[in-house]
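In what comes next, chain A is part of two complexes: it sits with chain B in the first one and with chain C in the second one.
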Partner chain A sequence: MSEGISERRPFHRPQPRHWWAHKPYLAYTLRELCGVAVALYGAILLAGLVCLWRGQAAFDLYRRVLGSEASLLVHLALLAAVLWHVVTWFQILPKTMPKLILGGRLVPPRAVTALALLLAFVCSAGLLAVVIVIGAFA
Partner chain B sequence: MSNPTIHRSVPKRSFAPVFWLLFGAGGMLSALFGPALIILTGLMLPHGWGVPANFADFDHVLAFARHPLGKLVLLAVIALFFWHGAERMFLTLNDMRAGPPLLLRLATYGLAALLTLVTIALLLAIGF
Partner chain C sequence: MSETMDRSKTIELRVLRYRPASDSEPVFVSYRVPYSDDMSVLQALQSIKDSQDGSLSFRWSCRMAICGSCGMMINGEPKLACNTFVRDLAPNAATIEPLQNFPIERDLVVTVGDFVKKIESIYPYIIPKVQKPIEEGAYLQTPAQMAAYESFSDCINCMLCYAACPQFGANPDFIGPGAMAMLQRYNADSRDGGRQLRLDQINGEDGVWSCTAVGICSEVCPKAVDPANAVNQNKTNSALDFFLRAVRPQAKPEPRS
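And then the complex of A and B:
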């Protein structure tokens, strides 16, 4: 986290404005914004909670809005962004967690990423399966 | 004081770990269940795909939000997702030098904190 100029590191190499919109930093910017998409989805859920609190009429309107084509496109875009967040999140995981050593051997970072992605798929697919089963018997 | 001559310099405490914990929790929760949640609440429930058409009507969702476990799920998902987005937005804006760090912190962490309180208030107002 950079905190501006300190006495210990007084010099900052000049950086062009909007550096974040150009290669090679664009990939970093996109990755971070895909993480922000998670919060946008949270806002959609919070809007639903507000409508739920206001009552039946407000919540029915919320459901109609969610059923619109615009909402479908927004959610597809959010889904794409969050899927990229999932991939990058688990690509970073081996760098943020302690080294995983099994049987005296270092587990390669790629294997950690692959395993975590598999776990994420199981979690997400499992949640959808549970909801579909509950719906079928409801 | 029994021994006033000892003055150990105490390092300044940082709140950063708290925000990192919330950021990490939100990142992990969204990485594990985010895609399923978006498919569920954005695609399946509103259009009745794979679930009964009345599965997410007012009465059912109200019953879910009134159950303590439902409240816990809603609070965890909404609040942690906000804290995750806030941390990323803060770091990105800070790297872009979009403004003084304190202002950026207020705009991002502050918003997440405010929306967390709103979520808690709504969940309490909806009742049990």
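And then the complex of A and C:
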């Protein structure tokens, strides 16, 4: 085998350039992109804090901007992006943690995802309820 | 003749062929293959080799999804040819290509040398915590201890996860999902003491840190090994190892020579 001329000439196929734009990778690409939406929403909240610190006039302006139609549309789009981020992130959650073994049995990854989603929903609904109650008495 | 034996139906298979002695680059060649309902893509390829073109090259051995030899891209998805039925692809034409992200040796045969080296690099055997003579009996383990690594021990080295991994496609030196599943199979084993030795192999960009949690490796795995879990658990382990390096004891278990 070692004698003679080798006809080996391995061919290197390039990776498809737009792999991230196609199934099954598109869901992953969107999940990562939605991280930008999370950061944007964080920036909006931070801007509110800065306005609060600068005084009454600045904070009133911030609230007027928030109440505008454009702002409502932006918030709807951000909400959709954050929801996608939450769902897809919790789908990958069981892959990022050690295997969960309860009573000598493996907890199925789907149960971990379902529990995390339920927790996120309960916490969000709870926070919303608290804000509404505080708003009603303010 | 029963319905399943009826071979009056045919399917067009577009096979990516590369003959290094004569082709400058791979080209698609079409074959029309009679098939029955119980026929796998591997059997269809074998029928091409038997009756149409004896020079068509592909790897196979067990025909029952346990040897991991016949991985290929079927309609763009990494699959085992023996585990994919022709009836599920028909009546449309189907494309058959060698595994993505690997150099092509010839037709559907890819180069596996780098993958084997990666497997070797992570000490793929148990390095006992405590060496004991045979007279003292077996190393015991509870079902719960076994559940911690069992899925990872199901890996058949078929490399479908590598073909599905865009980060391995971008960086061929990335240790990749399969080798990490193997690593976790031993690191999570209660009888093993070689954890530090293996962790030393996977720090850095070519180790776990090329992974961006795409997760498709686990979806294409024919054995439900969940290699993405193995990689991502070890990001935590690798990070902890980085910060605890200064305080951990330096004694290492001796590898098997």
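In the analysis below, the second predicted complex is superposed on the first by the 116 of 138 C-alpha atoms of A that agree within 3 Å, B and C clash if a C-alpha of one lies under 4 Å from a C-alpha of the other, contacts with A are read in each partner's own complex, and residues count from 1 in each chain.
The definition used in the following text is that a residue touches a chain if its C-beta (ideal position, glycine included) is under 8 Å from a C-beta of that chain, and two chains touch if they have at least 3 such contacts.
As the structure is a computational prediction, the values presented were derived from the model and not from experiment.
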item: Contacts of A:L127 with chain B and chain C, given as first, second, both or neither; value: first
item: First, second, both or neither for A:L61, with chain B first and chain C second; value: neither
item: Partner chain in contact with A:L73 - chain B first, chain C second, else both or neither; value: neither
item: Partner chain in contact with A:L26 - chain B first, chain C second, else both or neither; value: neither
item: Contacts of A:L45 with chain B and chain C, given as first, second, both or neither; value: first
item: First (chain B), second (chain C), both or neither touched by A:R13; value: second
item: First, second, both or neither for A:A114, with chain B first and chain C second; value: neither
item: Per-residue contact with chain A, leading partner among chain C and chain B; value: B
item: Chain B and chain C contact sites that coincide on chain A, given as residue numbers; value: 20, 32
item: Residues of chain A that touch chain C when the two form their complex; value: 7-13, 15, 19-20, 24-25, 28, 32, 92, 94-99, 101, 104-106, 109
item: Residue ranges of chain B in contact with chain A within the complex; value: 16, 26-28, 30-47, 50-52, 55-58, 61-62, 65, 74, 77-79, 81-82, 84-86, 88-89, 91-92, 94-96, 101, 112, 115, 118-119, 122-123, 125-126
item: In the complex with chain A, residue positions of chain C that touch it; value: 18, 20-21, 25-26, 98, 100-101, 103-105, 111, 142-144, 147-148, 150-151, 166, 169-170, 188, 212-216, 218-219, 226, 228-229, 232-233, 235-236
item: Complex contact set, residues of chain A against chain B; value: 1-4, 20, 29, 32-33, 35-46, 48-50, 52-53, 56, 59-60, 63, 66-67, 71-72, 74-76, 78-79, 82-83, 85-86, 89-90, 116, 119-120, 123-125, 127-128, 131-132, 135, 138
